[in-house]
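Pasting a structure here, questions to come.
First chain written, first letter: the chains are A, B, C and D, and each begins at residue 1.
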Amino acid sequence: MNHSLLMSILILSPFVGFLINGLRYKKHNYLVAGTIATSAVFISFISAVFLVVDLVGLPPDSRRIAVTFFEWIRVANLSVDAGFVVDQISAIMILIITGVGSLIHLFSVGYMHHDKGVAKYFAYLNLFIFNMLLLVLGDNLLVMFVGWEGVGLCSYLLIGFWFTDETKAAAGMKAFVTNRVGDAAFLLGMFILFLTFGTLNFSELNALVPAAAETSWLGAITLGTLFLFVGATGKSAQIPLYIWLPDAMAGPTPVSALIHAATMVTAGVYMIVRLNPMFMMAPNTMMIIAIIGAATAVMAATIGMTQWDIKKVLAYSTVSQLGYMFLACGVGAFGAAMFHLMTHAFFKALMFLGSGSVIHAMHEEQDIRKMGALKKYLPITHFTFLLGWLAIIGIPPFSGFFSKDEILWMSFHSPLGHPVLWAAGALGATLTAFYMTRLMCLTFWGASRVPKGTHPHESPITMTIPLVVLGVLSVIGGWIGIPHIVSDFLGHLPNVWEEWLHPMIKEVPNMGPADASLEWALIATSVGLASVSALVAYHMYVRKPGSASRVADAMGPAYKIVYNKYFIDEAYFAAIINPLVKGSRALWYYVDVNFIDKCTYWAADVAKGGGALIRSLQNGNMQQYAMYIGIGLVVVLSILLMR
Amino acid sequence: MQSIDIFGQIGLNHYLILSALLFVTGMAGVLLRRNIIVLLMSIELMLNAVNISFIAFGKYMNQLDGQILVFFVMTIAAAEAAVGLAIAVNIFKRYKEVNIRFFEHLKG
Amino acid sequence: MLLSAIVFLPLLFALIIALWPKETSLRHLALGFSLIEFFLSLSVFQKFDPSSASLQLVEKHVWIERFGISYFMGIDGLSLWLVLLTTFLMPIIILASWKSINTRIKGFHACLFILQTAMLGTFLAIDAIFFYIFWELSLVPMYFIVGIWGGSRRIYATVKFFIYTMAGSMLMLVAMIYMMYLTQEATGQMSSNLLDFYKLKIPFIGGQFFSLQTLLFFAFALAFSIKIPLFPLHTWLPDAHVEAPTPGSVVLAGVMLKMGTYGFLRWVIPLFPEASEYWAWLFMLIGVVGIVYGALVAMVQPDVKKLVAYSSVSHMGYIILGLFSFNVFGLQGGLYQMLNHGVSTGALFILIGMIYERTHSREISKYGGLAGVLPLFTIFFFIVTLSSIAVPMTNGFVGEFLILLGTFKVMPVFAYVAVLGVILGAVYMLWMFKRVFFGEPGPLVKDDHHPLHDLNFREVTVLVPLVVMIFWMGLFPNQFLDWSKASVDHLVQNRSAYNLTIYGASATPAAPLVAEPPTPTAEPTTESTPMPEAPSPTTDTTAEPGE
Amino acid sequence: MTADIFLFWLLASVTLLSGVGVVLVSNPIYSALCLAMTMVGVSAIFATLGAYFIAGVQMIVYAGAVMVLFVMVLMLFDLKTEIATFSRGRISGAIKIAIVGLLAGLIAGTFAMTTTIAGKPETKEKAGHAAKSLGELLFTKYVFGFEALGVLLLIIAIGVVGLARSKGGTHAKH
């Protein structure tokens, strides 16, 4: 098949879907809209599969399908093509995006069937897929940036989808603006890289990277990558720009699954992996990334332990898992980052969709205090959610185990890593096990707290199919990247993942030989900690339901702080937003209206006053005029005589 | 400085200074008086002062042109007096006053 | 003849409209005329050679020989797109004002066409005196448009606008006359010809304000800065915009502000290379301050139109930032941003005018939930908002990106601050968008007695070309940038000794007019070579040049 | 002290004093009388300077016609002594007086300090000769000015008549 045709179909099919649904924005028929949108993404998925198959057919070192449609911007030595490339990294991404995307579209058909703006909803969703594909397929930073902003835009639209609710609209705006902060940094990063290397093309950039690592903090690569990373913290919800993601749960739940769990938020990780040779040469940036990643992983997990909103818990979980991915990037385990990205896409999309199914069943109730014992009402949802739960807390052989273990091992073992980072990661894993179990317990197990009048029911088949598919993927997804040590144990299973990514990933230099016993010990530790923590949670929330609140009371102010998300939002408001708005008002009132404009008035008054002064000389009294003549005469005569 | 004895000999300067003083007197009238008729009279005074200069110069420079100019000045002075007085009459008819204050309509 | 026809045809149209007997068919007539003008201006493309940086389609007739004043028209890459922007916006404006202008339509349309002549003349005149005539002529119709068809405080606004602008251009006139005098000094023949001005070498003493070139530079710069308007001189703009009728705002924001930036590009930078180089930091600083200040003040405006007016201040800051970075990125970006701003801010004003026609209010707090009532309107408004906040794939992004890149190359510090504008731009536009379109329906929106109607066919027709342009310019910027490329490259490479030849004429000047040595032609002329640039003083990014 | 010198001082003082009288006297009638006296004095000075013809004209035109005009108008207005002779304004008055004084001082000082124009006054000519040559000069060299003056006088005559007849004039109906 012609690659450029396939590529066009891949990219444009969702766009066409967007246009069709966008033009029928007034229609309410969810089946038509949903069919159009889902098939658009599915067509995209099929062409993605074709492309990847072709890619696999190529020899490993030249696995790259590049298509350039046209030259986008050409000014002096800046030449940016609307060029797209499928290689090992983007192949994974397009499969995830279109694959998981189709499932979520399918889920949405059932989930959104009662909504009036369903055509609009699907249009936005398709537009998102389109932009996400631009992001991952772009062969240069600028095209990536197009998608980068585009997905932010769609996220804005979808979070504020129910725009009549003020808070939801505000959440959308918060997401966009926070992302925009990152985008601004991304721009700066692009400028630095372009002015240093003279190109924005990924392959050219990666080829131009100097051989020696840059140790200076203010060197071009360090600064450039640091700015790009700030951009990534915006998109991928890391400290300090993670604040938008929990609020983004205001959007419809499938949106949360698609955008805020599986695809968009991983863009930052993707970008770093794309530029991994560049990042490798900036150890300072790598250190920052690792620290931020680990800190986010832990912090978000602690907040996740205290939340009552099912989606908020998942949102903080997402932030935390993204932290793992950044931790992986920071320690040079780019392959592990991508691996976790993929497994996370499966199990987190699954859990979000599961929560959507629950919310759907509970008639838009999201508070887990009003759920419980839903196992019997929602058997399929429960079972798939269970798979997701096992995956995320890292129980072998579920997918999450392999990817998370790889990250933890690398954070310990890699020369860029540090035992502290490993400890933070392990702590995060422990906390994750706790809050996810808590979620399971409060939602599906234990005693029912469902209010009277609510009759939970299992979701329709369009919603359960995606759950099942994702559930299967959550289980087996990790098997393509089984760590060496485990595969050795099991009898030399190939690590497909590593081989696949190998040409694109720059090896961490000075990597010591792996110590098998140490690795086993670490695996045992993390799995053990997770299991213990899960059991504790089970004990607290199912066996002795009252114990949790007692613990919370015992923690006192610490619990308060965590429950209120460390007051970060409030701090941002107090430190930045409110002063900014107030300052702007002051600026407008005191500077603009009462100073600059007044200055012009003063200028006018000076002119007017001068006029009045001269006018008073012209008072109509002829004798006065004659006097002026006389004065003139005297003056002129005096001057003449002085000479 | 030709001589200390300004009383002993009459020269051109004497006439010119006389003319200047007369002119200034007229000017004082123009500047200070209220009555428009007196104003006109003062103007006549100034014109006469100028005439003296003309004649004196004519005399001392031995030319008749000065006298011709005086001739012209007189004619114009007479005409001016006529027009001025006519205007004064008009003003008087309207305001019953000959005060110059009533001419203050040329305000800027 | 083509340029003269383009410039003066609107004047003829104005005359016909003024004499047209029937009011009913007047609008159709005006629309037809403006379309004729637009298509005529499109024919420039046929004759324009984009590979040449010289002045094309030149017309020159001596007018007053003694002072060297001639009727001199010419077009090059710098002015080409601005001319097209002007002719492109005019039919849209006329169609947009179809229902909103109901009194003295005859006078209104005549004013519009006179204004068009003035604006086109400003962009095309190469003679200083003619430039000045057109420059000032543009004030007169605008004065009437704001003063007659404007809002409640229209007289105040229009007088402020007029006097403000006039005050600046007076200094410019003085400077022009002085430059004419300088040509006489240099060559013995007085000339007001811009090409002769370019050949002047005006002495420059750095650090000394009262030196000749600096003074002339500031005289010109002040006039243009007021027109643009740059940061401390901007206060006339919000008033004028708020009081102006929709078409007035569109012309004002869309084209007239560009006259100022064009002036910088055509006059200030090439004429006073040393002074503009020396003072570039000042103008970049003003630009950056304007970006942030305009955005901050726009954020807290209670009136939509005022918000957009302040956002213009912010956007204009970008343009000046780009122009004073003196490299291809900045200049191309600045030029592109002029067009972007014309299209997107023009569209914003048209949209605001449409909603104003329905509710007779522009107060943000009275709106809310408009998206539910007017979906089509919301879609258009959103697209234009995106363009205004420079989301990729819309036109705004290309301009902003190039400008920031150019700035970063020269003075990274300013770029660091200027990207704040990228963030704040999103903040003020989206906050406004949220308050107007989202949330509970506001008092104006849920008024049951006067239900709001979504856009009708005419209004969609008005908006579609603008939206098409937004995406076209965002997706295929090369098609636009290529036309101005040669001129911008030429300007960047020969900035210290700028000269402009007439297309088709022999390469060397006809007569050795100037006493000083001719401009060095040994400069590299190939496009691909990087521009000779002053080493950026503070950049640490150049530590490892990888090129 | 010759008769010439004595005559000059006498005439000068008479002229100047009556001139000052014009300005200072509060009753306009007396002002007019003072003015007449000045005219006569000036006429006499003309005569001492040998301009007999002009002196005669001065007597006729000024002391005769113009003065009659003034007196007639004054009679017409029937003005008595004014309550306030001088215009208001102390500061401006002071300035005016200062100007007058300064100007007088400046002019007089200038003349006093400069040398006179060389050349003695001619011996007295016959009056007839002077008048004759005056006439010749008037009708040859200055004929254009003379004619222009004639036209001016005509215009003024018409203008004055028009002014007097216009509304608000002496005969206007109220």
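What we mean here is this: a contact is a pair of C-beta atoms (placed from the backbone, for glycine too) under 8 Å apart; a residue touches a chain by one contact, two chains touch by 3 or more.
These figures come from a predicted structure and were not determined experimentally.
**Student:** Going by C-alpha centres, which chain would you call the most central?
**Tutor:** So the chain sitting closest to the middle is C.
**Student:** Just how far, in Å, is the C-alpha centre of chain D from the one of chain A?
**Tutor:** Going by mean C-alpha positions, chain A sits 103 Å from chain D.
**Student:** Distance from the CA centroid of chain A to that of chain B, rounded to the nearest Å?
**Tutor:** 98
**Student:** Rounded to a whole Å, what is the gap between the Cα centroids of chain A and chain C?
**Tutor:** Here chain A and chain C have centroids separated by 38 Å.
**Student:** Take the average of all CA coordinates in chain B, do the same for chain C, and state the distance between these two points in whole angstrom.
**Tutor:** 66
**Student:** Give me the residues of chain B that touch two or more other chains.
**Tutor:** In chain B, residues 27, 31-32, 100-101 touch at least two other chains, as defined above.
**Student:** Where in chain A do residues touch two or more of the other chains?
**Tutor:** Correct list: 621, 623, 627, 630.
**Student:** Would you mind giving me the full set of chain pairs in touch?
**Tutor:** So the chains that touch one another pair up as A-B, A-C, A-D, B-D.
**Student:** Hey, which residues of chain A end up touching chain D in the complex?
**Tutor:** 621, 623-624, 627, 630-631, 633-634, 637-638, 641
**Student:** Across the complex, what residues on chain B touch chain A?
**Tutor:** Touch residues, chain B against chain A: 27, 30-32, 100-101, 103-108.
**Student:** For the complex, which residues does chain D have touching chain B?
**Tutor:** 1, 4-5, 8-9, 12, 15-16, 19-20, 22-23, 28, 31-32, 35, 38-39, 42, 45-46, 49-51, 53-54, 57-58, 61-62, 65-66, 69-70, 73-74, 76-77, 79, 82, 84-87, 93, 96-97, 99-100, 103-104, 107-108, 111-117, 119, 121-122, 130, 133-134, 137-138, 141-142, 145, 149, 152-153, 156-157, 159-160, 163-164, 166, 168-170, 172
**Student:** Which bits of chain A are touching chain B when the two form their complex?
**Tutor:** By the definition above, chain A touches chain B via 614-615, 617-623, 626-627, 630.
**Student:** Which stretch or stretches of chain C touch chain A in the complex?
**Tutor:** 160, 163-164, 232, 234-236, 293, 296-297, 299-301, 327-329, 332-333, 369, 371-372, 375, 379, 386, 391-393, 397-398, 401-402, 404-405, 408-409, 412, 415-416, 419-420, 422-423, 426-427, 430-431, 434, 437-441, 475-478, 481-482, 485, 489, 527-528, 530-531, 539-547
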